[in-house]
């Protein structure tokens, strides 16, 4: 069977103001090659998530034989971007991405890169887990200048709960599939965030840094005058 | 044992800009009476969620012997508000609360009332479930004027997914514990929303209309100039 | 231990009108060799599902030393057919197999091949997931000419629900084990289809493209005059 | 709060050929009264499922003060029909509804009544559980004259599996929430049917007799000439 | 059937230094009457947990016809003690019982009463949930004088995690079956405590205030000189 | 760390009449070598379950340098026996081991070998799954001569239920971890057997052929005169 | 709807040597009346399990207007027997039913009564839970004279495991739905028994005292000469 | 991306008296190298858990080029300690670590090493599982000299329950992810320990030997005079 063409949702940018990201995990290198060629032909940047390093190397060989300055792969985030990064839009405001520990960095970086691919200014604030609470309390002042906070945590996932009780901005909890025993796979972190006693904590699927980024972007653009008008 | 005083978080309004809501479900009438007296003494309005009609009647007898115009109970939402409703703040923008069917109305109304208690303009858009898709498609134009969409759905919970693929605003899915068999208790709707193929869909706990409202409020206030400054 | 003979259900064609498919996943190459030899001796075609490429190659070496035009393996569907494909029976009507995204193609192709092995005309309609709803709405007219619709979807699995609210034919949802976090393994898609608000949606096990095909075949043959009489 | 009007999907008959059934479980008597009045005003029959006897009595007092020959309530099925029953359409063929034991009768009757409300000829075949297999084997000949078999079973739910290995028609398994310990709630029956070793067994949600009926109806109407044309 | 005598474990005090508590939930009033009579005949105090008020009243009528100063029932904890309370043993040190909110008081009081029944000095510190973190931080100094901290929390159950990162004593988390949606039944709080990122947090079953008390007692008695010698 | 000696339960043969089997799955080759040496020194046969072929080869190199006629490994059952097989005790009666399909053979053979290691006469009856019921019905007469029936089945696990409704002997269901989707891992088969509508069906853990064998042995020895006296 | 006749499995006594027990839980009084009348007409005794006291009283009024010496109801076991109890068959040997605590008595008595209804000699050994191990160890000698041991336990369900390591007879664990938190509903006890480290422990569904009795009966009758010949 | 510095919680020793352990499982060799360098620069010992042998070898090459007497890796426990072991503090008293079988040794050794790294005297008591109860009963006298008992067990996890009914000290159950079928992953052992009928049994997460050690250390230091004062 030859790899057939793919029906991309190129209308997404018009409808939602978002690039169609490509989910790399369950696609073969052949399928991804077809998708990336179609995106290039359409003049779109490509943003591929959950792409293992081996598949990225195979794709690079197939599609970008020389050194292509627009081809950028981050092995911690497992994300590939093909195409230029836009400049940050200062008027949108910024998003902070926090994470509890070193093991959450992959998911946090997926969120960061997805935001940058859409022109959003971001900062990473790492290693602020609640087992050593002074580290988080020491960052509260700095956090005031962000419009949205994306908080990645595994194990019991208490960090977004504690944070959402301390600051007034929207907080998006991203459960991370880091842990063992009852926390293996991220379910405990997910349910802890959903069950949070802090008012108004929002949640996305386990490891879904990309989804948290897209939700942040929707918020940034939803300013009083601009509701309903995608950027 | 006498009912002891309760340590309220009256600082929440200063920190987060939110009233401390009272969760009525697991508290006795005696406990709720103490809480409401303390809130009244502090000059705060009271907003009580998940309060059964029988408990509300007992509370009214204990606390509001005559007709009190500031005592308002909604039996569908099972919410009690004691104290005046603020006027809507037009500059914040508005929130739409959608629901798939009649059985989701209780949760949708909890969200509506919690928003109104904080001075947010809202509208309810009911009976737009995906089994008769034309009903939703017919509302798309009207939806453009809201800054945030709160979408309540039980059973398979597909409505927020379909909506988030059609409009650019932030969409908060609220799974509703309506259904039977695999959907009893709302787990299927919850997980369907978390697993959504639509980019950037946000989720709160099952039946948590209040949480969706508080998250919406955080978004409305997080405008470029005002980040970090609670209203 | 030598591999013993296997007791095949060769009566199945008489009773049910179906070929006995061989489930390749939990059988060794030795066991599969015995089964295929017995089917060949009985003059039956063989249809093997969930057969990894490595096992297929080993089987081919053992059983079909030269180029055998009746030996056909599809690596995306992981299905092997040994024996000639029957011509489609036009009088049965046709079955459409839809899938939400590229990652669902393996399951969709298993259904397609199992239908073709039984002489059913089929078409594949890919990339019609609900996150970009216009793609599905654009196919509604074409769908009218099929007697049964098989719909494969992973993640939240909303596609069969949306479709079953739009068209009157039998719709069989096939949940696909594509996703991560709460949707890993296909449970969320499965339960979303079972909990569907669309009336009369039918469901099979996760990844069971073969089962959806056999159910479709039972429907196609169950015409008013022919009930109870296998083709 | 007054009970607001409800947005019925009265277009469903045109699109799908199905009456919009009303799900009675999570609606109040006030809400149901509004719905039934709107259906009556539209000239539609009403079919209400999962309606407890007490709610039915209250509805009858509100809507049908005298003896109304078109008002029929079945307390075992917990179904109410308001409006005349259509005559069976002989050309469609018939559906058999089987059940394993007396405790499954409520679900089986829901399926029977939903089929009759749409003009389908049906028969009930009860007490054919697999613990006394001779009872089922004695019915095989009779089963040959039905186009579709709906099979309700609780506990381990093996009946549809055994039946689908014996007869060629479409078989729809309906898991029933009858059992205790691991089978309480119907999950074990559901998963047993999904995991069936019989080829092409179809499944609906636990206790969803109505869904099995609507799926049967879609099959009956999907004859070679009429595909895509709702009755 | 007459209620037969019961084989009490009266040796438990010698072996473990603990009274045999009576679990009231799944026993009939007749069974409990027999147990309490046997304990009285053996000269033991009775400590009954999970005893609903109605059963306590029936027991009181059967066993303690007049006002018995040794009969004490706490309806919030649902605990009955029959027999005198011992004086606190100052040399053991004290246990603090903390709880996140008013809804956790029943479980917290069960722990308090079980400790007092064994001569342990205790204090209750209520309403220190992490959504308003200043309340907990304000108690840190006071907490230093307790040898063991028992911490009751429902919903996401983050309180014991935060506390165990701040103080060096043994911390026993008691998940409370307070919450709704994913937190209903206390599973989320339990798993959050088990998955805690704070080192050395200990956990007991959901709502098991009694177990936390007995574990605390074991610790208090396990001083360097006295290990292995029950008090 | 050197591998320390192991405290074997060599008293088991006296107490229970059973050899202590060695569970090979979670032990290293070093640990297994120590265990087998200790058993040999004690004059006991060794029976090792769940031993992968690679570990068996390593053990053989370490312990049985030449061809040892008492060293027998079955790669399908993944069982190793070191020491002579006892002759069958005719007076005990025989056990039949049935399985539904080829994929269940590993578990069935583990039961067979464990029985033979204890001197029990056995027969294997394969490929009698309920999807082709005639195969089972054709064996009923032959089954009459066994005292106990061990029945291995994966997927929906209906075979022991059907059998226990047809024959009067003790039937032990062994769920097999064969299947995909909802049946992956064997849970569905396990719960189907526990929920069986057939009276008196007994169950052991998933894939526990060894346990079913030991339970059969306990039954064979429990004859009216000999109860309580291990052979 | 009139209550229709029921298709009883009166052949069960011939095939399996067992009376068809009637499961009382999910049947209405009308349905049970029909069943009991049919059994009486067939000259069979009736044995009804899981019958609440209120339903028993209603049945007695409908069927046995005067004092009927053959009508016996046990409210702890919730079992009704109508018809004479057979004399114990001494040659079969006896069955001991053990239980861990008072709360397990209902399930234990269901097993006892079901055995007595089939002419089996039994004894109840109560209050031998493992938290006070000396109670069990003191009964070991007495246990030697039983051919089968049925062991009922809730909470963590460790009793059958400990017992099966001490005695050689067949041991059937019956998990009891007694407990709270993680043990509510009996799942923990069930899985603890299935996962037992004791060789050859057999298990039935939660609360299934009847099933354990029928399995015991199958064992008692399966003596070397009589295999395959129902009594 | 370069590996950035890590924000260690070096204040933990002052606050809690504990070294910050490093969780090796989800960190890359690069990340671990950074962490170990920072700890060395701060003059702290490093204790790394869940570190596979391959990663340890890579770390050793990067950080400790020659033979470093302070570098000690235990492949059974998968723990690395870099830095000198403190001498045991005799005044603290000792901790016994028990395990049911050979397969639990890895978790037991993690607990032992974590205790020794903090200057606690420990002993390992292996192979005392309840299937051969005499082995445990023979150790009771020896157990009396320990202040805390840490008990590791997989499968049904009954050992800590049996032990906590026999001795008065604090008992910490550590469920071990050893088993298959229902016990795979350690859930059954965990829930069995939480549901224990023995009073005051404490539990930590599956495989969390380190957590049990830290909890033991908190207990040892919490002597009457010293509460609240970390060593």
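By written order: A, B, C, D, E, F, G and H. Residues from 1 in each chain.
Throughout what follows, a residue touches a chain if its C-beta (ideal position, glycine included) is under 8 Å from a C-beta of that chain, and two chains touch if they have at least 3 such contacts.
Keep in mind it's a predicted model, so treat the numbers as computed, not measured.
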Hey, what chains does subunit C share as contacts with subunit D?
B, F
In terms of C-beta pairs in contact, which of E-H and E-G ranks higher?
E-H
Copy of D-F's interface among C-D, A-E or D-G, judged by over half the contact pairs being the same?
A-E
Distance from the mean Cα position of subunit H to that of subunit G, given in whole angstrom
44
Whole-Å distance, subunit B centre to subunit F centre, using C-alpha means?
57
At least two partner chains per residue is the criterion; list those residues in subunit A.
12, 131-132, 165-166, 181-183, 187, 190, 194-196, 199, 205
State which pairs of chains touch, listing all of them.
A-B, A-C, A-E, A-H, B-C, B-D, B-E, C-D, C-F, D-F, D-G, E-G, E-H, F-G, F-H, G-H
Applying the document's contact rule, which stretches of subunit H touch subunit G when the two form their complex?
100-101, 129-133, 155-158, 161-162, 164-166, 179, 181-183, 187-189, 191-199
Touching residues (chain side subunit H, partner subunit F) in the complex
74-76, 101-103, 109, 126-128, 131-132, 134-135, 154, 178, 180-184
Subunit D to subunit B touching residues, read off their complex:
1, 4, 6-9, 11-12, 23, 25-27, 31, 35, 50, 175, 177, 185-187, 190, 205-208
Per the touch rule, the subunit D residues reaching subunit C in their complex are 12, 15-18, 21, 91-93, 143-148, 165-172, 190, 194-196, 199-206, 210-211, 213-219, 221-224, 227-230
